[in-house]
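Presented below are the structures under discussion, each in the form of structure tokens.
Two complexes follow with subunit A in common, the first pairing it with subunit B and the second with subunit C.
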Partner chain A sequence: MEQPFSLTSELRDKRLIITTSGYVNNVGGEAIAREFQRHFENGTKEVVLNLAQSKVVNSVGMSFLIEIIEQLEESKGKLVFTNLDPAVEKMLTIMGLFEFAGKAATIEDALKSFARQK
Partner chain B sequence: MAKRKNGKGDQLSGHIAAFQGRLRKLSKAATLKDFAVQFAGVVKEVLPSTDVDLFYQAPGAGQWDLMARTGPGAGDRLPLLPRKHPTATSAVRETSNTLSMVQELVDDSTIGIVVRKPPGKKYSEVERLSLRLFVYLFDNAYHDLLSRRHEKDLIFSLNHRVLQLNSLIGTGIEVAKLDQESSPHQMALERAASLTNASKGVVRLQQGKSIKEQITFPSGVSIQRGAQNKISAKFTFGQNTYTFELFEKESRNGFVQFEETDQLLLDALARQVHASLENRYLHEQALEKQRIEQEMSVAASIQQRIIPKSLPKIPGYDIAGINIPSKSVGGDYYDCIPLRDGTFALIIADVAGKGMPAALLVSSLHAYLSAYLETSISLPDLAKRLNTVIGHASTADKFITAIIALVSPGKGEIESLNAGHNPAYLLRSDNSSQQLTAGGLPFGMLDTELPYESECVSVTQGDSLLLYTDGITEATNEKNELYEDCLSLKDFLQNHKTSRADEFISDLIAGIRRFTGSAPQSDDITALYLHRTQ
Partner chain C sequence: MKDPVVLKVSLPKIPDIELVAVEGLDRLARHLGIADGKLGEARILVTEAIINALEHSGNATVNVEFTMTTKELTIFVRDYGKGFEVASVENPDLQAKLGSKHKRGWGLKVMKSMSDDFKIESGPDGTRITIRKLLS
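Right, the complex of A and B next:
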């Protein structure tokens, strides 16, 4: 069963990796957006969102993710989702998030995809 | 004069063209804040040497928020805004070096702008007119922003509805799967919370007032009784009541009330769980039925291998037997075993219970009889041993009723022992009858050394012996009447004159069939008939 929300983040070669655990709802989405914003203002434009431990996302949480994607889109950056639960992947697909964001099986795959784009 | 007018017009047109060019950039702003910052920047570009302060008042709000400021941020320039008459949509104010304006926007919000030149410099007429036009253009651009935002919200909302529908179908399929790791009610709770934007939820499984299981979402979250902002759905399956509750619908602006659609979604998901539980139950029932049928099939094959296909010929006697198993395999058994001393052991037995355990017990009885009958022990001692070994081989509720009759053809004697079975009928040639009852308790009924006794009877030409199981006497017709109560086996025996054992058996069965009619056969029908012909 889904745990209360928490997140960790790290920078690898100026790329932000946010790893979440628990329900991505209003609280979770806001926390992700806050963490993203903190790094975005310092110039980070490539972000990996690892949802391995988040099996449930609601539409309020998704609205925060969409804002992050839009901000990155405007600044020629990119968000890549990794380790998606099939149900979450389906939700994000239906909500159109993958039109502007990427997805990868693992964090390493996501980082490689950034490298390939350059 | 005209030239001067044209000069002002050109200047104004230039301002508007410059503004419109930047309007396209402005239209890409994602938030009102971005929009305001960019607008202030555009105004500063078009009206040089000007500091711009942009204020915004949300619909119905009594206070102004500073949205953007260009230039040094010293001092509060909010008091410089003009007061707008409640019925007017705009107002303008000008001091020596400042120009300010408020304008009601399309959604009843209000924009306030204060532009300021360095001390001593005044705004020209063109600049005043430009600012007014800028504010109108701001209104248009703001309208555009709202439209785009509305369109975006609409697409998001539409996608969310599609997601809800898709998830409803998907969840229905997933909860119906029988190999899910998590329980269907847990999965449904997670999906329901996600689709309705509930911040938390719980599913309780209750039996009466006692809670057998409680799952919260997210795990470990505290659920307060009596919470107001909630929706719920419940159903009962067997003795269990499943109650789903979702709490505190989220929005970007805090908690909001659940909508009717949320209740519909929760109801639909609860119904899917109910259907899934029913399907699981029916599936288990079907598997159990299949298992029983397989067991019955094996039991039937065991029983059919033990029941003799033909009976040995006994000099001076005619013998016939029959076993008609019922649908649910019972434990009836009969045999006629020729022994080395020239006697023949007639056996009929009925195991309490049906299915595989009964078939195995019959098989044991058959094996023990085959072994013991060739020894020189007496019939009562044989019965004692059988009681012990059957008692050890069976469970407490399993036992065997049986009759063992040793026929000595040469002597014209029958030694009989009845272990709790329906008494055998001995019909004399003068049509008198006798029941053979001497014996003891059924084999395996009590695990103690029980005394058994046998009885000897002589048989002469024309005498007959009928061994049978309760499948005959307790055969029932459509009115649920018993054969024995209506027709009597003894009467059939006395009234049926035939010297051929196989004819007797087939007539007996035909009579039972006539009696039972279309009523299903409820038990095995077994009979063994011996007739002395010489």
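Right, the complex of A and C next:
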């Protein structure tokens, strides 16, 4: 059974990497947004969201990510998703999130994509 | 080919109860020998249909029925809540959501887009959602 939601985060070269585990529901989505906000207020504008351990998500949880995208758009920042399960990737595509966010196979690829934009 | 398997469950409105249905779906699939990789979208469809019913029906219980073969899954979700006008539900658009306070409202769009057949009927006696998803 899908595990309860949890997350970890780390900063690498001022880039925030949030890694989730378990079901991303409304509580999970809110926790991701809260973690982002904490770092965004300190100037972090490049964010990787690693969903490798989250195979089940719901649209309520994902809608919290729109808040993140909104703030990053206004500050010329960027959100990149990594390690997406194909079904989760399809859901994000349906919601249109990749019009504003990137996707990469791995965390390292995501970090490289930020470097290429410089 | 194995016979279709059917699972019927009545779910109370408690946090994350939709995961019970997802667990049931996984067990049916294992029984039929369906690879885990073919279930990802089915899991999301089940989740969306149940949370939609629990959130919007105003009712405390949702009935869920799965009929699964090795080829396809039919998901039937029934609530006896107040119902709603299906035609009045707006098609969400991300551009419009940016800058808006209301970020939610994606469930129907996700279910319609991800399923192979989708039907919703709603009235004063509640709402019925029927979803067909090919598993091959």
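Throughout what follows, the second predicted complex is superposed on the first by the 118 of 118 C-alpha atoms of A that agree within 3 Å, B and C clash if a C-alpha of one lies under 4 Å from a C-alpha of the other, contacts with A are read in each partner's own complex, and residues count from 1 in each chain.
In the analysis below, a residue touches a chain if its C-beta (ideal position, glycine included) is under 8 Å from a C-beta of that chain, and two chains touch if they have at least 3 such contacts.
Predicted model, so just to flag it, every value in this text is computed and none were measured.
In the three-chain model built by superposing on subunit A, subunit B clashes with subunit C. In the superposed pair of complexes, A:D85 makes contact with subunit C only, with no contact to subunit B.
By the touch criterion defined above, A:Q71 lies against subunit B but remains apart from subunit C after alignment on the C-alpha atoms of chain A. Of the two partner chains, subunit C is the only one touched by A:E99; subunit B is not. By the touch criterion defined above, A:V56 reaches both subunit B and subunit C.
Within the superposed three-chain model, A:I18 lies out of touch with both subunit B and subunit C [touch as defined at top].
Residue contacts after overlaying the shared chain place A:A110 against neither subunit B nor subunit C. Comparing the listed stretches 224-232, 314-322, 350-358 or 512-520 of subunit B against subunit C after superposition, the clashing one is 224-232. For the contact definition in use here, the residues of subunit A common to its subunit B contact set and its subunit C contact set are 1-2, 4, 23, 25, 27, 55-60, 63, 66-67, 70, 87, 90-91, 94-96. Chain contact summary for the complex, subunit C toward subunit A: residues 15-16, 18-19, 22-23, 26, 37, 40-41, 43-44, 47-48, 51, 92-95, 97-99, 103-107, 109-110, 113-114.
Listed in rising order, the residues of subunit B touching subunit A in the complex are 28, 30, 155-156, 159-160, 162-163, 166-167, 170, 182, 186, 190-191, 193-195, 197-199, 215-221, 250-252.
Remark: subunit A residues 1-5, 22-23, 25-27, 55-60, 63, 66-67, 70-71, 74, 87, 90-91, 94-96 touch subunit B in the complex. Chain contact summary for the complex, subunit A toward subunit C: residues 1-2, 4, 23, 25, 27, 55-60, 62-64, 66-67, 69-70, 73, 85-88, 90-91, 94-97, 99-100.
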